[in-house]
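Two complexes follow with subunit A in common, the first pairing it with subunit B and the second with subunit C.
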Partner chain A sequence: MSRKRLVQGLVWLGLTLLPLFIGEWQTLQLAQFLTYGLFAMSLALAWGRLGLLSFGHALFFGLGAYAMALATMGRLPGLEAFPSSWLGLALACLVPWATAQLLGFFLFHGRGLRGAYFGITMLALAVLAERLTQGTAWLGGLNGLIGVPPLALGLDGGGPALLDPLPTYWVMLGVAFAVFLGLEMLLASSRGLAMTAVRENEDRLGFLGYDVAAIKRHGFALSAAIAGLAGALFASQFGFVSPKLIGFGLSAEVLIWTALGGREMLLAAFFGALLLSWTETVLAGLLGAYWLLALAALLVLSVLFFERGFVAGILTLLSRGRRPGRR
Partner chain B sequence: MGADLVLALLDAANFVLAIILVAMGLMVVFGMMRIINMAHGELFLLGAYALLVVQGLGGSFWLALVLGPLVVGLVGLLLEVLVIRHLYGRVLDSILATWGLSLLIRQTVILWFGPQSRVVAAPFDLRLDILGQPFPAYRLFIMGVSLAVILFCFWLFHRTRLGLAARATIADRATAEAMGIDSRGLDRLTFAFGAALAGLAGVVMAPLLSVDPQMGLGFLIPAFLAILTGGAGELMGVVTGGVVVGGSQSLVARVASPAVAELVVLGLAILVIRLLPNGLVGQFRRRR
Partner chain C sequence: MTLLAVEGLEKRFGGVQALAGLSLSLDEGGLLCLLGPNGCGKTTFFRVLSGETAADAGRIDFADRRLEGEGPAGRARLGIARKLQTPGLFAALTVAEHLALAAASPAAHGPVDAAALLARVGLGEHAETPAGRLSHGQRQWLEIAMLLALRPRLLLLDEPTAGMTRAETRRTAALLRELNDKDGVAAIVIEHDMAFVRELDVAVAVMLQGRVVATGSYAEVGRDPLVRELYLGKRA
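Our next item is the complex of A and B:
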C-alpha cells in the first residue's frame, strides 16, 4: 500500500517539477492538457467506478466551458456587469451537475437504463447538444465565442489575472491534484466502496438494501461537475469556446484517453490523457491522419487483451515491486 | 392541402423505411448475438464507398448493388473472426471495441479517399407526378428495397431452417450445440449477414446523401433510437421503432426545424425507454 502511495507521489512531484525543464510554450500547452487530464479523471469516476460508459461526456465539459465563457464575457442576462471568474467556475460546476442529476432521475430510476443503452443515449445527447449550440446565436453559433478572459482573482473579474505560463501550469496542476485527492478519499470511504460495488454487481448491491439508482445519480453528477470544471479551466486558458467542445469528437477522445490510460485508476486516466495529447502534438505533423488510426487500433487491442489500460498496468507494476508473486 | 398532406406522409414513410433499412442489420446482430455494433454506421459507409468505386471504374449502379453487400459482408466476416468473437457476453466491452473499429474504418476511408464529400449518381433520374407534385422515383425504389429487406429478414429468421437454428442458438446455446447446430458458424454467418445488410443500405442510400467519411454517424443514432424504442431483440421491434422514430422526426421537422425534431425524438425515446424498458413491442408481448 505504501509503495503505491510512493509511486503516486513521485508522479505528482515529477509533474510539478516538469515545467522547470521545458520551454514556456510547452508549459502553456501542458497546462491545457492538465484540464484534459482532469476531464479524463471525471470519466474514470463514472466509467471505471460506476460502470457508466458515457459516450457523450463532452456534453458536461462543453457545458462547463460555455458557462465559463458566458459568465466571464458578461453575456448572462442580468449579470452583464459582473464578469467574475468565480461566478464562471461555480456555474461551470453547477450547470453540468444539475443536468446530470436530471438525466440521472430519468435514466437510472425505475427500471433504469443499463450499460449500452445508457452509452448510446449519452452519445445522442452530446451530438444533439453540439448541433443546438451551432444553431444558437447567443452561444456564438458555428463560430463559438472568442475572447474568454483568463482566470482573474478579483470577485468582479478585476484583479490580477492568470496569464504567465508557470503560475498557470501550477494552478491547473494544483486543481487537478486537489480533485484527485478528494476523489481518492471518497473512493476509499464506504460511499466509494458502494460505488465500486455498483460496477461489480448492481443487482446484489440492491438486494443488500442500497439505493443503487441514487448512488449512480450522485456519482454521475459529481463526475459531470468535475468535467464542467475541467471545461471551464480549459476555456479560460484557451480563450475560445466552440461547438466542438461539446460534441462527438471530444467525447471520443476522452474515452480513448481514459481507456488507454486506465479507467479503474484515476491517476492512470489522468496521466493517459496528458501523455496522449502530448504525443499527439509531437507526432501530429509526422503522422497526420495515421495518428487516430493508430489510436483506434490500440483501443481495440486494449479492449480485447488489456482492459485495465496501459498506464495503469505500468503504475501497478511499479507499485508492486520486483517480485509480483510474493508481495 | 390534400396534396401537401400526402407529400408529408410520403416523406415520412420514406424516412421511416430508410431508418428501418439501416437499423435492420444492427438489429440482427444485436438481437441474435447481443453485440452492440457501433461500427454499423461505418459498414454503411463502406457500402456507399463501394458504389463510389464501382461507378468510378465505369461500372453500373446495379453491379454495385450486388458487389457492395458482398464486399461489406466479407469485411464483417473478417471483423467477426479477428475481433467480435472475443466479445460475446461482454456487452460494455463490445460497444467499446466496435466503436474502436468504427474509428479505424472511418480513418482508413479518410486516408484512402480523403475527407471531402463526394456525389454518386442515382441509376435513374425519374420524377413521378403525385397529386400534381413531382416526387423522385428513386425514393420509391429505396422504399421498395427496404420493404423487400424487411420481408426477407422475417422469412429468413422465421421460415427457414437456418433462421430456426439461429434463433435456437440465442435461446439456448448449449442445447442448440447438443442438437448438432454449428453455433460458431452461425455467429460468423449472422455477423456477416448484418454487415452485408449495412452495405446494402449504404449502396442504396448513397445517391441521396453526400458521401463523406462522417455519414455513418448520422444514421447510427436514429437507427439505435429506433431499436431502443421498438424493443431490442425482435424483428417486429425495429419496424415499430422505425415508424415511431422516423415518423415523428420527419413530421416534427416539417412543422418546426430539423434540430427541434431531433430533440423531440430523443426526448421521446428517453421517455419510452424510461416507461417501457422492453420497448413498445416487448412490453405488450408476454414472454420470459
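Our next item is the complex of A and C:
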C-alpha cells in the first residue's frame, strides 16, 4: 500500500471513530457537515479536474434538496401517495444531472464558454434559481418547505427512519466514502486521465481526437448529480429547505471550502469543508460576525502559502514527495 | 498514391490575406519541408488543415476524402496529427500518462508499445516524470511521441526544433528520417532552421504571401532566384 493510500485510509478511519469521542449534538452537526463535504467533492470534480470554476454550484445542491423535499413530503403531482426517500434520492441525483447535461449542451458545445464567462453564467443561473424559488408557492416561497422527513428505509416512505445521531453520521460518512471511492476509481481510469487533461490543456486534447465538450458535459453532470445527492441528504437531516440552499451564498461558501481544502484533491476538498464548517461554529461563537474576517484572513493565508489548498498541502506533506494536485 | 491534395486554399483575417490560393500535394509516406518568411501563411495552412479554422475557399482531399467541416478532433480521427508550435502538453500528467492518453483516444489507429516509443525518443528513463519538469527539447520529443502513439497517417510538425540545441536538432532530424523511412509516416514540417532542413534532405516547398512559389529538393530550391532573394536579399 502506498503512503498516500495509508494517509487516506487513516483520515477515513479517524472520521469513522470520531463520533465515539464527541457528544450527540456535535455528532449530529458533523453529520450535516459531511453533506457539505460531499458537496465540496462535487465542486472539486468540476473545478479541480475539469477546470470548470462554477460560481453557482449551489444550483445543483438546491435542486437536489428541493427534489428530496418535494418527493418525501408528497408534493409531487401524481406521486403524493408515494413519499419515498428512495424516490427523493433518485430525483435529487437525476434532476441536477439532467439540468447540467442541458446546460452543458449550450455552454460547452459550439464555441463554448470558458473561464470567467462560464463562472459568471453559473452565478447568474444560481441567483435566478434563488429568485424563482422565492416566488414559487409550490416550493414554499421565501419561507421554504418545513418538515422534510428523515431518510426512511421503506419504499413507500415508511419503515425504520434515520433519526439517531450515530447511525445518521455513519450513513452520511458511508455515502461520502462510496462517492469518494467511485470518483477515485473514475479519475484513475483513462476517462479520468482525459478529464485531468481538459483542465491542463483542452485545446491540445481536441487535437488528440477527444470530444472535449462531451467530456466536460458528462463530468459536469456527474458533479451536479453528486451535489444534488449532498443537497438531498442535507434536506433529510435538516428537515427544512429554503431558497438560500440554491443561491449565491452557499455557492460562495462551497467555493471557499474547496479552495481552502484543495480543489485538485477530492479528500482535501471534502475534509476542508468539514474543517471550515466546524471552525465556523466554534469561531462564530467566539467572534460573532467577525468570524467572516477570520475566514477572509484564512483564505488570504492559504492562497499565499498553500496555493493548491491548505488541507491538500498537509495531506501531501504526510504522503511525502508528491506535490498537491497529483492524484 | 496521393495522400493529401490541396487546391486553391484561401483564408483571410480581416485585411490580411493569409492564404492566397495555396496548392500542394503529398504522397503516402511522403516527407515535405515547408519554408517561408514569417507571416507567409505556413501556420495558417496547418490551422486550416488540422480543422482549427475553416478556409474561405479551396479544397482539401485527404486519403480520397474531401475534408469539410470537421474540427480538430474529427481531423485527428481521420489520421491527421498536428504538433503545435510551442509544446502542447499536459503539465501535471507524467510522460507515460501522455502516451496512455493518446493510446486511449478515439483517434488512435491501433495498439502502441509505449515503452519502445519512449525509448525511441530518448524518454525511456522519464516515464514517471511530469511533463512540466522536462527540458524544452524533451517536451518537443514527448509531443512527437504522443502524436506517434496515435499512429497517424499524416504528421504536421510546426517548428519541431524550435528552442533545441544543435545536438537535439540533429537527433530530431534523425528521428524524423527514421519515422519516414522505416514506419512510412507521412509528414509536413514547418522549419526555419536551414541546417535542419539540409540535414533532412527531403522535398521542400517555399511559401510566400499565402501560396507556394517554389518546390524541389533543398539544392534545387536553393538555386531558385526568388528563394535566394527571399533568404539572401537582392544584389545591390
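Throughout what follows, the second predicted complex is superposed on the first by the 312 of 327 C-alpha atoms of A that agree within 3 Å, B and C clash if a C-alpha of one lies under 4 Å from a C-alpha of the other, contacts with A are read in each partner's own complex, and residues count from 1 in each chain.
In this text, a contact is a pair of C-beta atoms (placed from the backbone, for glycine too) under 8 Å apart; a residue touches a chain by one contact, two chains touch by 3 or more.
Quick caveat: nothing in here was measured; it's all calculated off a predicted structure.
Asks: Per the contact definition in the header, classify A:299: touching subunit B only (first), subunit C only (second), both, or neither.
Replies: In the superposition, A:299 touches subunit B alone.
Asks: Looking at A:290 after the superposition, I want to know if it touches subunit B, subunit C, both of them or none. Which is it: first, second, both, neither?
Replies: Touch partner of A:290: subunit B, not subunit C.
Asks: When the two structures are overlaid on chain A, which partner does A:248 contact: first (subunit B), second (subunit C), both, or neither?
Replies: First partner only.
Asks: Who contacts more of subunit A, subunit B or subunit C?
Replies: B
Asks: In the superposed arrangement, which partner chain does A:124 touch: subunit B (first), subunit C (second), both, or neither?
Replies: A:124 sits against subunit B, while subunit C stays out of touch.
Asks: Would you check which partner chain A:196 touches, where first means subunit B only, second means subunit C only, and both and neither mean what they say?
Replies: A:196 contacts subunit C only, not subunit B.
Asks: Mind working out whether A:211 is in touch with subunit B, subunit C, both or neither, as first, second, both or neither?
Replies: second
Asks: Thinking of the overlay built on chain A, is A:307 touched by subunit B (first), by subunit C (second), by both, or by neither?
Replies: First partner only.
Asks: For subunit A, give the residues common to its interface with subunit B and its interface with subunit C.
Replies: none
Asks: Can you list the residues on subunit A that touch subunit C in the complex?
Replies: Contacts found on subunit A: 190, 193-194, 196-197, 199-201, 203-212, 325-326.
Asks: What does subunit C use to touch subunit A in their complex?
Replies: By the definition above, subunit C touches subunit A via 50, 71-73, 76-77, 81-82, 84, 88-93, 97, 100-102, 104-108, 130, 146, 150.
Asks: Which residues of subunit A touch subunit B in their complex?
Replies: Contacts found on subunit A: 51, 53, 55, 106-107, 110-113, 115-117, 119-121, 123-125, 127-128, 131-132, 135, 248, 252, 255, 259, 289-290, 292-293, 295-297, 299-300, 303-304, 307.
Asks: Using the touch rule from the top, collect the residues of subunit B that touch subunit A in their complex.
Replies: Residues 36, 83, 86-87, 91-97, 99-101, 103-104, 107-108, 110-111, 217, 221, 224-225, 228, 259, 262-263, 266, 269-270, 273-275, 277 of subunit B touch subunit A in their complex.
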